[in-house]
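Here is the structure we will look at.
Letters A, B, C, D, E and F mark the chains in the order given here, with residues in each chain numbered from 1 onward.
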Amino acid sequence: MVDCIECGGELSLYDDIEAGEILDCSTCGAELEVLEVDPVEVDKAPELQQDWGE
Amino acid sequence: MGYTASVVGASGFAGGELCRLLVEHPAVELVQATSRKKENRTLGHAHPNLRDVDLRFSTPEDLASVDLLFAATPHGVSMAEIDRFRDAAGTVVDLSADFRLPEVGLYEEYYDGHSRPELLESAVYGLPELNREALPGADLVAAGGCNATASILGLLPLVVDILDGDEQVVVDVKVGSSEGGTGGGDAASHPERSGVVRPYAPAGHRHEAEIAAYLGLDVAFSAHAVDMVRGASATCHVFPDEPVSEADLWQAYRERYEDEPFVDLVAGGSGVYRYPEPKSVAGTNRAEVGFALDQSSERVVVISALDNVMKGAAGQAVHAANVALGIEETAGLDARGLHPVGSP
Amino acid sequence: MGYTASVVGASGFAGGELCRLLVEHPAVELVQATSRKKENRTLGHAHPNLRDVDLRFSTPEDLASVDLLFAATPHGVSMAEIDRFRDAAGTVVDLSADFRLPEVGLYEEYYDGHSRPELLESAVYGLPELNREALPGADLVAAGGCNATASILGLLPLVVDILDGDEQVVVDVKVGSSEGGTGGGDAASHPERSGVVRPYAPAGHRHEAEIAAYLGLDVAFSAHAVDMVRGASATCHVFPDEPVSEADLWQAYRERYEDEPFVDLVAGGSGVYRYPEPKSVAGTNRAEVGFALDQSSERVVVISALDNVMKGAAGQAVHAANVALGIEETAGLDARGLHPVGSP
Amino acid sequence: MGYTASVVGASGFAGGELCRLLVEHPAVELVQATSRKKENRTLGHAHPNLRDVDLRFSTPEDLASVDLLFAATPHGVSMAEIDRFRDAAGTVVDLSADFRLPEVGLYEEYYDGHSRPELLESAVYGLPELNREALPGADLVAAGGCNATASILGLLPLVVDILDGDEQVVVDVKVGSSEGGTGGGDAASHPERSGVVRPYAPAGHRHEAEIAAYLGLDVAFSAHAVDMVRGASATCHVFPDEPVSEADLWQAYRERYEDEPFVDLVAGGSGVYRYPEPKSVAGTNRAEVGFALDQSSERVVVISALDNVMKGAAGQAVHAANVALGIEETAGLDARGLHPVGSP
Amino acid sequence: MGYTASVVGASGFAGGELCRLLVEHPAVELVQATSRKKENRTLGHAHPNLRDVDLRFSTPEDLASVDLLFAATPHGVSMAEIDRFRDAAGTVVDLSADFRLPEVGLYEEYYDGHSRPELLESAVYGLPELNREALPGADLVAAGGCNATASILGLLPLVVDILDGDEQVVVDVKVGSSEGGTGGGDAASHPERSGVVRPYAPAGHRHEAEIAAYLGLDVAFSAHAVDMVRGASATCHVFPDEPVSEADLWQAYRERYEDEPFVDLVAGGSGVYRYPEPKSVAGTNRAEVGFALDQSSERVVVISALDNVMKGAAGQAVHAANVALGIEETAGLDARGLHPVGSP
Amino acid sequence: MVDCIECGGELSLYDDIEAGEILDCSTCGAELEVLEVDPVEVDKAPELQQDWGE
């Protein structure tokens, strides 16, 4: 278990998680990159600007 | 929690609804939900109503071994993947058209052919109101199409009790935008799709084949897109050879549906809601069925309404799975509709 | 500015639309607009699009002497007031059903009888596409009903060229909420009326009489309320005795409508808008008509779409008045539709 | 089934929703539902989603003796009838504004005065997120207003942790048509109410009083009607005296709402649903709360969304009753939202 | 027919609207309409309201030599193509943001930089109500953004007469789906976009820069998507340093807008339509502006409403071109709105 | 318990039902008049034409 570095919420993970994968936080939606897996360490992923509807 | 289940195509509309149903199902545990494009993301990323569910999309390449697999993928995927699906699960419920029609000839006429015709015979059509007896123990179930389901439920009591099968029947359907799935293109964009009464496939619709196959009745079918998200409403204009009475009709419909847990008769009376309406059943597995009799033209007008994503897809699939596995029929499917409600 | 005009019932939807058309009409001047409930208020009080118009509602008790009087009042008012209307104006165009049917017997069957049956024969049905020759000089014009207009425009070329009159025809109509007028009651409230596909009068609708009277064709008619404000769309399912070809159909429709200023043929093709849709013609006096052919069932599916308040009411009434008075037919009626547009 | 309950005003929107919740509530039995206009009719006559419920409306003149009475009547009725309500039930939960404000002065300023001011002090404001400790054992509960609830839930963590109370706060609310109840009049008719962004009470709204009373914060409040049936969304523009960071905000909001069963934090990220939206929570008792930080202007933009008939009325009332009676807080309130969904 | 014109980006929403206006414009002839994807198709293929127009899309590679070129292309295209545009036409009106801001620094802050900064100074901001004097003879006009236009029109009289420029101003905007153009992606699909109150860019919106640049006023801006297709409504919450009176406000607004052909003051009164509403002006080049005064909080609430595709884009562009070329200002722009109307 | 004379469905009743009262059937919506109470007997009520939305 690891906390989201954006909002502090608990991140749900899965078993075969690998470094480099991108996860989203279910609270704040932040896109997080998996840096290390044992223990899991994440950082904010480089942002993909998605401009919808503007 | 007797059974484990997977949903393939879980980021789609029907797949998302399956997940919603399964996470609350008393006898089933959702263990896998696939999406290729949203792999590793939470279910809540695609479906905001599932933000609390602690599960991430995984790839359909690696299927977990489960009791029950739902395939909510576009037409053609299930035929291609059916062996992998059956290796992964003892019971497969397919929501696409791939195994719905009983004969390969119909696929050649209405679709682009079929790559696994040998499976058509053993696949069981999943509409319990029509086919309840055939479902227990089925290992390949093909849930009915939403428009076909609305039409069949409306016409079934007439076919059983009143019609010969050679009568003129017109089925005029109105559907919501979720019927097109998540990837609708230009015509599905909000500016183009809002406020429409848009005929699509006014003639020669594929659902004619499904209705004919299961009712033994040729219908003249047309579908129209209207401004709602969920919902399908079928108005069936039926011209019996002999005049029928209201009493005959009530008897036929009551007999057929009295004990059905998910079919409600709604016809006439006073108040605002006199006939079946999709918004009354949105979000539920219920179908409303009603009728009116046109003296002068000796026409029966049958109206049926359902939620295309529920009774017309995910709800029907879970219902069929319940029957197939011997679970209580209504398990996980008892949600009630809302009032007032806009266009759910 | 050759002609002066009054609108009785100007606070209603059809009456407001008449005012909108007349204040821009090159050959007509609007001099009176009545409302009992809004007497002395500005037109803009009821109709925000008319805020700049310098006219106030006056009582229908005192009718100005004008050339042209439009009655946009509920069923029954025109029959009661017709003498006063004709005293006030040389030409009366009635938008209600009061003078639409040619025989008193039909009023007795479909309505509550008629108090001025002797006028029915001389009243001229106001749909120019059907009745252009009879309109010049008419002093009592009865504009067609909106659903009947949509149905008649869809079926007319078939009736003229292809059908015998004894064929099975189903007309399945979808309409917007403005059809109910301003005083709709509970069922017309936004929470109840939003997102519906609501059958109303699924059988035995009054418009059947109007269609039968003017097309000589019995149709099995059903109407459904859907979520739009303006618009009526009719899907006519027609079963000709003999098979017809697409070429036959194109010829019949082109011949009939080629020179019609307000009817557009729209059928097939690619893109988002392939068939008639009410939102394409909303706010205009145009009707779109198209068809599709169902080989297997030997059915012609005709689709027509119009704006119920315009081509189905006020626009048709002005069109008929133009013809009756010998004004350029399209005067005041050349507005173009919008794209994109929601549900106008 | 520990408790019996009545709903006064059960034919209305909030009352119908109370009935929907109570017929499924595991610890409460609905024994009476009143309507004067629909006396003797089935609940399904007013609420199509309750057609299967075996109960008829009865007159509010004869109140059954129950444990719990919900009053879902217009402003003024509860003050007039409160003694009869309290005679009938040990616990009264009022959904109107009659007992919401703590001081009679506020009723004199914002309403038409109060006939039972002596009860205001003992009445308990029913929003559990604000007032959970005061609810157990309360015998007169006043559920919060829907717009006030949305605003309070959005601002509460800021008020507790970050603001002084003298900051500039603008609350700009967008609401659905069900907020107006069943008897909406002309402005609530579908043709007039569709597609609007309609300011109503842009200044001086009554909900300002409720927000000020319970948050100790003066807000500048405006409400707008938009085209949905259920839903209220508040955008609060807050200008803290000192700059705050995203981390400060997350901490304040998480601390306050982490353990709240009915409040979800939703803020930012990717995908379609990044911030609170009423359609995600429609039909549920959930509120979504989120925020964004505007560096340049040193503004916090807080967004909250809920279903006005549920968390903003009936759901909150049942939640408060659960707490008041010592029932499991979430009992009867665990419905999940839908996706996709139009405008429920 | 003094002037010839081209529209680049004619298959889009703003470009289609330009075509609609120009084919009816008394002093301009539309000679070219470009689309790369729909090259050689009729205008009616993209825009059903233009089916009668005898013109086909051509490639933007070959620009005809005309008097007037409208660029209705996405941000970035005009900067890249400006030399070709100016070679093709003496007067270029750009609808994108490319030449709207007066300084390159703002592009670096709010956009991705600018490739032709030297043109910014000579480009003329195209909102006639703000900048009428600068337009005659302009050869590069940058029409204002739709949200900025709504905000500026609402605030301009206050800025001119009442405010210092350092007041707190919150601008809360609600917009329709056509603002996103034709290529909206997932979030713009009908199932996801229907029924929303969806915050997008709640903080840090690009339109803040445009408003600040032209009003000299920093505003705290937030925009929300709501369920309509056309329309933008801005509610500006303004806190003047000194209390103002209703009379002050009326004077400031009347003085500024009395003679403006396309701005209507709408504030208060009775009836259904009391304040500005986008649906009242949909399809027109009109803006409605009104206000309410909040005594207690010393806040002025200004509301403005317009059609984003018209006054917020194509209509404003044609208006600016009329002024630039010395044509009658209102030429081609006199369409009146509709009533009733849903969500056009 | 008594059946609806329109659709045959079971009519829900209530305790203090009185002759002359109007009931609706929850299936077919028919408006029924209570003729007798012991046992309950109903007939179709004189119709109140309600033309909504036409």
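Everything that follows uses one rule, which is that a residue touches a chain if its C-beta (ideal position, glycine included) is under 8 Å from a C-beta of that chain, and two chains touch if they have at least 3 such contacts.
Everything numeric in this text was worked out from a predicted model, so none of it was measured.
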Intersection of the contact lists for chain A and chain E: B, D
Starting at chain A, fewest touch steps before arriving at chain D: 1
Interface sides of chain B and chain D: same vs different residues, half threshold: same
D-F or B-C, whichever has more C-beta pairs in contact: B-C
Centre distance in Å when chain A and chain F are each reduced to the mean of their C-alpha atoms: 61
Distance between chain centroids, defined by C-alpha means - chain C, chain D (Å): 44
Approximate Å spacing (C-alpha centroids) for the pair chain C, chain E: 35
Multi-chain contact residues (two or more partners), chain B: 13, 45, 51-52, 176, 178, 186, 191, 194-195, 227-229, 266, 269-272, 274, 277, 340-344
Residue numbers of chain A (touch at least two other chains): 24, 27, 29, 52
Interface residues, chain C side, partner chain B - complex: 168, 170, 172, 174, 186-187, 191-192, 194-199, 202-204, 208, 218, 220, 222, 224, 226-228, 231, 233, 235, 237, 239, 272, 274-279, 292-297, 299, 301, 303, 305, 340-344
Of all residues in chain E, those that touch chain B in their complex: 13, 176-178, 182, 184, 186, 188-191, 193-195, 227, 229, 342-343
Interfacial residue positions of chain E with respect to chain C in the complex: 13, 16-17, 20, 24, 45-52, 176, 178, 228-230, 264, 266, 269-271, 273, 277, 280, 282-283, 309, 335-344
Residues of chain D that touch chain F when the two form their complex: 40-42, 44-45, 51-52, 54-56, 58
Contacting residues of chain A [partner chain D, same complex]: 6-9, 24-25, 27-31, 48, 50, 52
